[in-house]
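What follows is a structure written as structure tokens; I'll ask about it next.
We just call them A, B and C in the order they show up, numbering each chain from 1.
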Amino acid sequence: MQEHTVKAFDEDITRLRGLIAEMGGLSEAAIAQSLEALVNGDDELADRVVKADKKIDALESEIDKLAVRIIALRAPMADDLREVIAALKIAGVVERIGDYSKNIAKASKAIGGNRKQFEPLTLLPAMADVAAEMVHDVLTAYAARDAELAREVIATDEKVDAFYNSIFRNLVSHMVENPSTISSAAQMLFVARNLERIGDHATNVAEMVHFAATGTYPLDEDG
Amino acid sequence: MSERIAPTRTPEFEARLKKRYASERRFRALGLGAIVFSVAVLVFLLGTMTFNGIGGFQRVEMEVPIDFTEAGIAADPAAMEQPGALASLEAQGLRDVVQYFAEEELGEAAAEELGAQAWRDVATEIIADPAVLQRSESFWLPASANLASGYEGEGSPEMQALAAGLYEEGRLAKNFDPGFLARSDATNPQQVGIWGALKGSLLTMVVTLLLAFPIGVLAALYLEEYAPKNRWTDLIELSINNLAAVPSIIFGLLGLAVFLTLFPNLRSAPLIGGMTLALMTMPVIVIAGRNAIKAVPPSIRDGALAIGASPVQVVFHHVLPLALPGILTGTIIGMARALGETAPLLMIGMRAFVATPPDGFTSPATVLPMQIFLWSDEIDRGFVERTSAAIIVLLLFLLVMNGLAIYLRNKFEKTW
Amino acid sequence: MTVVHDNLEKTEAKMRAEAVSVFYGDKKAIDEVSIDIPTEYVTAFIGPSGCGKSTFLRTLNRMNDTIPTARVEGSIQLDGEDIYASGMDVVQLRARVGMVFQKPNPFPKSIYDNIAYGPKIHGLAEGKDELDAIVEKSLRRAGLWEEVKERLQDSGTALSGGQQQRLCIARAIAVDPEVILMDEPCSALDPIATAKIEELIAELNGRYAIVIVTHSMQQAARVSQRTAFFHLGKMVEYGRTSDIFTNPHEQRTQDYITGRYG
């Protein structure tokens, strides 16, 4: 891709992408760590995840400022304009993804001992992997303006939804069989729900990436 | 970190700067000197002319008191207004009357030196005011050329003595001579006048202007606006530029060969003179006109074209008014040159002795520079002052002509 | 081959250019450009320097006729009539297709005479009253009446740059044209004068078919509804202004408007 005649414009866009990537990396790490805290019952790790969310919030604020500045000073057009608008919206969504990881960490602390007994617990890390991979791929697609990859991410959401449905049934039957574990099971339901939301949000980001790259939404094309 | 001195702060630079200012001052001094020198030359020229020419507006006159009650000249006021008035006065012996009174009052010797045509001045007075015949009147009448020379301190000793004597009595003086501007050429410097040549110049200039200006301007317009850019137009442009530099006497030869062959009986007429000078002036107007038209910015033309003006409308409504100041400047230069030209008019015969002012464009005439040239050839000392006076008249004519043109130019000056 | 967006509403073309090429001697300056100019929209021509947008604009009112080496091929029609046909009167054409230039060029006459000149030479007014009415109407439409109504006899060149340009627009309007061509009308003006002219263009939109050549993409984006991008004598892309500036189809168009050109 040819560079802008005004080099500072390229530098601004590069910085914007860098911030998105950094935010994405932090939120991916948050997903992984929150699951780890959940599986191992590591409350200290859970606390760290909650604190780290502040950094994600700060990045969102910085991206907002930079995007507004680019629009005011550079008057971006066409693909540049779409990219900057997409960056604004993506930052908001990734911030929410970070919030979900924070909620998962909090839920992890609320669960009582003997979490290893929970059979559904083994499914959650797998679901989290898929969700985390979706987040990772969609941010790669953003940096590379790869509409094809974005579409694949959208398709992957089915898997996450399938995971959620199966975990849901599992936990419900567990709660029926072991009423004493209901509160812990409920927390796990929340965790699954949060992971499913992360998948949905990653799909939203994928749609924005597609728009930034091609100027159309994948929905329009699929009819 | 070493201190970086800006290149404009070094001592070498200071020295060079001083030199630049010095050469600036020298240049300005030279310019001023050139102006001062030119002005000095101009002042010297004008001063000499004026000094020499003042005397040309005067003539030596003697006072002759005439008592008409004793004269026996009768003049009916009604008859005085007829063309035959002068003849009737002459028939009644006015000349002898004047001579008689001159003898009575000034003596025989002085009366002999009364100008031969002096009685005509008296006649003019009578025609103007017939009532003068009822009374006594003193007339300042022109002296003869010899007495005038004597007055100036030249000529025979008798004349000088006579002049001195009369001067002592207060009967002979050099007075302002307004008639100089009303009379025409003559052999007697006392009788000579510049009006004939002045009118001849006027008529010739009118013909020149009427021919050269329209043709020159239209030619310039055509060459700039319409002519295609090819070899032919280049050739025409070259020819016109060369024409402007051709010596003026060649145009005289052309006038002789062409115009006088066509109109042989119009020799020395202002019409022929004007036509010859028009040939000479036209290239100057064309060149100045082309430059003035070229200087009109194309944005004006574009604006006019875009509103739907035809090419002719663009030229006459927009280009020509803006080019007019430049064209007028070129016209001034051309006409000034034409006014002062003698050589071409020599060739077509405007050097004849013409005693009466021209009646129209086809009667024989002469022009101011020619008159000056002819008078300067005369031996009589009296003509010297008249020649300088004629030069002053020529300069004044030039001034008036230029002043008119500059006024017109300023009137049309528009900024864009 | 021009990329014409396919989502354009059908409009009636006031002027239509078909495969128009312009040659200066042997050099081809415009290469087979076809475009419809509708009355309802302002059409903008954008493109880098020397791409031919001004040259093409000048073919629409035959101003290229003044250049001896210029030759135009293809057909340009005004209301269906070929304007380069031998029967077409250039003087009448230029009264129907007016032009405003980059540098304001009022005549060195009074404000009144500037406006009145066109109607006078075309005989559009009978008598002074009608002429006065035309002058007032044109100045009002150009948004200049209130500022100059007290001094109509002042020289047109004594006005400020922005006022002069509005005077030139009023002058063009005075002959009641059908099309107004504007060749970078604001490039010599300050932002406030520019804004006034852009507002004027918005008001004139719909009554006259307006074509504006501009170097400023922001201006094209602000004033026009249709935009054509020219590059090296060809028309590369044509479509809705909003589409051209948010989602152009051609890479060359995109490179130009995002500032990646050159």
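Note that in this section a contact is a pair of C-beta atoms (placed from the backbone, for glycine too) under 8 Å apart; a residue touches a chain by one contact, two chains touch by 3 or more.
Remember, it's a predicted structure, so these values are computed and weren't measured experimentally.
The chains in contact with chain A and with chain C alike: there are none. Each chain gets a centre from its C-alpha atoms; the one nearest the centre of all protein C-alpha atoms is C.
Ranked by C-beta contact pairs, the top interface belongs to chains B-C.
When chain centres are set by their Cα atoms, the one at the greatest distance from chain A is B.
One finds 52 Å separating the Cα centroids of chain A and chain C. Chain A and chain B have Cα centroids lying 104 Å from one another.
Annotation: 58 Å between the Cα-based centres of chain B and chain C.
Partner chain C is touched in their complex by these residues of chain A: 1-6, 9, 75-82, 215-216. Of all residues in chain B, only 228-229, 299-310, 313, 317-318, 322, 414-416 touch chain C in the complex they form.
The residues of chain C lying in touch with chain B in their complex are 61, 63, 66, 68, 91-95, 98-99, 101, 103, 105-108, 117-118, 121-122, 155, 157, 168, 171-172, 175. For chain C in complex with chain A, the residues that touch the partner chain are 217-218, 245-248, 254-255, 257-262.
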